[in-house]
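Here subunit A shows up in two complexes: once beside subunit B, once beside subunit C.
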Partner chain A sequence: MSTATTYRTCPRSGLQFEKNAESLMKANAFIGVVWLLIGGILAIGVVLTRWPAVHWLPADKFYMVLTAHGIDMLIFWIIFFEVAVLYFASSTLLRCRLATPRVAWLAFALMLVGSVLNNVTVFRGASSVMMTSYVPMMAEPNFYLGLILFAVGALIACFVFFGTLVVAKREKTYDGSVPLVTFGAITAAIIAVFTISSGAIILIPTWLKSVGIVHEVDALVYRTVWWAFGHSSQQINVAAHISVWYLVAAVAFGAKPMSERVSRMAFLLYILFLQLASAHHLLADPGLSTPWKVVNTSYFMYFAVLASMIHGLTIPGAMEVAQRRKGYTKGLFEWLRKAPWSNPTFSGVFIAIIGFGFLGGISGVMMGTEQLNMIIHNTIYVPGHFHATVVIGTTLTFMALTYYLIPVLFKREMVLPGLAKWQPYLFGFSMYFFCLVMMGAGTLGVERRHWDMAFGGSPLAYEWPGAAYLMMGLVGIAGVAAIGGGAIYILVTVGSLLFGRRLEDGEVSARFVPLPRAAPTVIAQSYGSAGFAAPGTFALARVFLISFVLYYFINWKYLSTLWGLS
Partner chain B sequence: MSDHPGNHGDDEHGPVPFMQQLLDNPFLLLFLGVLIPMLLYNLWGVIDILTVPVTK
Partner chain C sequence: MSAILPPSERVWYKHPIDRVEGTWIAIALTWCLVMFFMMIGWHIWGKQNLSTETYRTTAEQYTAKVQAMVDKYTVRTETEQKIPVVAAPPGSDIFLVARLWSFWPILELENGKTYRLHLSSMDYNHGFSLQPANINIQIVPGYEHVVTITPNQSGPYSVVCNEFCGIGHHTMVSRLYVK
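Now for the complex of A and B:
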């Protein structure tokens, strides 16, 4: 066993951090937050330009800013932070050394160089091709090279994670199955390997085309394979943030999963089927057959939807069970009323769970239905949906996790705790509203990505109903409020690292302390679940299902009115 | 409701169910998690596109 490292036991959490893993987690999380800051500043340009009454940036600047905003937020911020989560879920939760720390630093360097190269190229102004960068619209070669370097680095980081699992198994730092949070991280890493491989398959020939070595990349093949990268990268987020939800349920309440077996099966459904949802981006494309579209979206995607609903039931359910054990048993919701709402780690995660399920989940299933997709395809409804999943779901969850990690990982006392307490509410609820009005405008047909929704001054100028302008104005107002919430997060996080009181390191040892059995054993895997020991959660689930059915019905009804067939 | 499954002194020597063997093998899961979408999404999709008849 390697002993060329040390293990710090955090006195505040009991977690054990291996030295190399701790440094890498800090570096990845910090750079992730830097990209969030840059992406957030760029969001000001996007929001104030799509707000019709303001219409701030000229067209060329708008498309450049939107390109950088999409890549920085959807790829760089989130994947840097996810790499930190992967190292946490392997080295820290399994109490083992990180496999090949030098290779992990190489991965970090590649990701950093790639992300900076990509952004510098975008800001040169000749690569405003959006995050999707559809061929034959070409960016400068370094745009693709930056993405490829970043992807290679992220792929290496995934294999460092898998290597760490092998180290833990070989050095017997845990007994039985890995903890559920680690299993969720395995799910995220598997999806990441598929995602990054798909990105490499299509971005490498596109880069070669940009330097003149390859002469043609088929536009539809590009779109198909690119979405295996572009959409699946958001599925990494789903698996990662759901893992964090399980972690926070344990941290905030001492909650244990209602049924490990069911939760693990739900993660297995993600591993097998979640990536296939990428096909919903291509439901309006010619060339791809109906069986391909139907199998990938309307059949197999529903297995992944089922998995999300399982997690959506079992995580709040586990919190409820833990609260009821503490004596909060009055009525359906005393457990929820007495939850630690002033703790931003909990409030952030709970707001993320509700927003992800009700706004992101329901709208995602609607979009994945081929017929209904036609109502909103390529409208601003689509960013409304993915801001609900990626911003409310993933970003808010990662923000909440940061509040937990500031004293535990960064060993600093949080500054401005009063402001931090309100941050998840400001950011989360303004994003709820932002997503709702975006989806409302999209349902009326307002285009996504477009600099000027009315095509003013062109022969194709279009007169939208007043409601469309109203909703786009509300998108602007809600967006500014959400950016304010994001700024508070940056202020608290960076302020704590720079000015927070330094906290005690805790005991440092040359040996790990083996993990007590946390996961179920062979027999326990077939153990029963908590059943309906969580009636409040079950009531919430019924509200969710009724909302789901009603929204589905409304959209079919809306679809039926688009063409006067009877 | 009973206590957390991991906390009771259960029998650890029973036969390992197939599903648990699968869930405890991250590399088998990795293989399946890459193979299935590569076949169903990427390969099938690209074959669909490449077999679209060319106009004459």
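Now for the complex of A and C:
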């Protein structure tokens, strides 16, 4: 393969973009945003149907729209964007050429064809099986084939990423260890390989069953292996968006990680333990032993939760240290008050960090506690949880990153900056509220994936309490507001690409500029003195811990009032 | 901007740790261990633990068992479909069928008494969601799950299917009585 390529140094950020990598990043990110747009339009159908007073779509359309919404958002939007992040974290941050660009385009083509094939099949109407597609309920063969093609494409993209790391090492484009953001991206890619392989292992036999070659796929085996794909793929998101948080802390504040060792060890814990997450979805299932459930659901003693709690401290901590160095040292929180709140890249990330931790993190541990799962399993609490992790955590983070990339990668001036400034607040806070009322409704028992709270007039219908109807109404209102926030993001992004003022390319050269090592960090310099570098962040962390502990034991209290079960 | 630059120390493992971080790691680790042992402790001292007693079964085998119970202990029928209401003696095995799109039969229990509740599905995955108590258990076809239950409050309860099972999912709802 020819290595003839050029490198552009962006005059606005100092980042260096290799030509092939740049085109691939743009293509993957753009298609990702297109899927977000489609998923967002579908969200209107979901929200307006679950809002009891509106109850818009008929049942068949609702289940079809819900199936497509789940797949488009959780798989297509996020993984397309993540491939762009992987190429950025390797080629751009390490200043090297992308390995095998033609193979990377092949990966892109497979993902595109697979995702379109899957969606076309869903919209034919005979594949409304939800994202989980539990056997023995079967979709049309192309539903599975589309997902398999997409998965193979994504897997190839991961290997292009690994190949690029090898290129950088061999061509010595950097000195010492890879940057922390790249390290996080490696974590995401390793988890992705495991995850996507699990998906292939279970979807290929299911596809063969749908075309009549295989006769039986066991329902429980399917659930176990599918969730090694379904849940672990959300862990790719966690590793990816946490890497982006470190990236944004670096570009918005010039922040340095407090300790490379702590942050990287936390990423290592992800690699070691996140894959056990399959169990979270099987706690209410028959046939699995208690020790298996307890060990796996807790990521073996909650070591992956520990890792997230560490990142939750070190990222704002790094921002605080950077701000304090700039002189914002008054009290515990001057650094935070004087943060660039009108920069959507920063505000988006900060709203994502807080929402991900307080709403997504705490609720996730509740559901993932073996016994507590019984009061939550398959209620609408579950989507309440994962909208907090995947929408507030990942999607909002990727939105924030896009605002940074519009001038840097796409070389356009952002249109409607005033709207963009408010977008993270509208989207983030309406999603906070959306998740909270969903969890509220779930605590009252309201089911997820259910067309009609009134049970279609069944003679044995259950009468939900008024509070449940109220909560679901609020879910509707908050959902509409969040969709509005999402629409502004699409408007700003697509508007900037189409109508934004073209910005200069910057210097183009045929050779990369090697990457220097960072200056020593504050902690490294002051080590040994009585360092307590981020007291404000520590105070926030204590608030988090107190909320966590209180809510945890409230749920146990609630559980203890239930029927005896043994 | 060092999160996007190689670290200043060649070996990142040697990078020192700040006291804020060290303290937080100790606190977080302790909390993680508390949560882990809470699950184990509840198995020893708690009263709400999901049984793992499970048998492989088929629709035919399971239907035969349910039918035997229905024939023996039916006390009345409800609704136009004449769904049997079954009051089996305390301590006995009671069976519930989940199928597209109904539960069968209706069970009647006594408060404070213990029963062995069997759950299985005839076709797809279904959900056993007992309301308003809010106890949720997955029902998987091909598997017979035996859960020991002890109701602690009398009254009419509803059993709602909370696993998506097709176009009639929202009509899949039944009752359960505790006297």
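Here is the rule we go by: the second predicted complex is superposed on the first by the 542 of 566 C-alpha atoms of A that agree within 3 Å, B and C clash if a C-alpha of one lies under 4 Å from a C-alpha of the other, contacts with A are read in each partner's own complex, and residues count from 1 in each chain.
Keep in mind that, in the parts below, contacts are C-beta pairs under 8 Å (C-beta built on N, C-alpha and C of every residue); 3 or more make two chains touch, one makes a residue touch a chain.
Keep in mind that this is a model prediction, so the values were computed, not measured.
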{"item": "Touched partner set for A:Lys256, first subunit B, second subunit C, both or neither", "value": "both"}
{"item": "More subunit A residues in contact [subunit B versus subunit C]", "value": "C"}
{"item": "First (subunit B), second (subunit C), both or neither touched by A:Leu180", "value": "second"}
{"item": "Partner chain in contact with A:Leu220 - subunit B first, subunit C second, else both or neither", "value": "both"}
{"item": "First, second, both or neither for A:Asp60, with subunit B first and subunit C second", "value": "second"}
{"item": "Touching partner for A:Trp77 - first (subunit B), second (subunit C), both, neither", "value": "neither"}
{"item": "Touching both subunit B and subunit C, residues of subunit A", "value": "176-178, 218, 220, 256, 260, 264, 282, 286-289, 517-521, 523-524, 527, 530-531, 533"}
{"item": "Residue ranges of subunit B in contact with subunit A within the complex", "value": "1-2, 4-6, 8, 10-17, 19-20, 22-24, 26-27, 29-30, 32-34, 36-38, 40-42, 44-46, 48-50, 52"}
{"item": "Interfacial residue positions of subunit C with respect to subunit A in the complex", "value": "1-21, 23-25, 27-29, 31-33, 35-36, 38-40, 42-43, 46-52, 54, 78-80, 114, 119, 123-125, 127, 129-145, 147-153, 158, 160-167, 169-171, 173-175"}
{"item": "In the complex, subunit A residues that touch subunit C", "value": "59-60, 63, 93, 128, 130, 134, 136-137, 174-181, 218-220, 223, 246-247, 249-251, 254-262, 264, 282-290, 294, 298, 301-303, 305-306, 309-310, 313-314, 317-318, 365, 369-371, 373-379, 443-445, 447-452, 455-456, 458-462, 464-465, 515-521, 523-524, 527, 530-535, 537-538, 541, 545, 548-549, 552, 556, 559-566"}
{"item": "Contact footprint of subunit B on subunit A as seen in their complex", "value": "162, 165, 176-178, 183, 186-187, 189-191, 193-194, 197-198, 201, 218, 220-221, 224-225, 228, 232, 256, 260, 264-265, 268, 271-273, 275-276, 278-279, 282, 286-289, 292, 295-296, 300, 321, 517-528, 530-531, 533"}
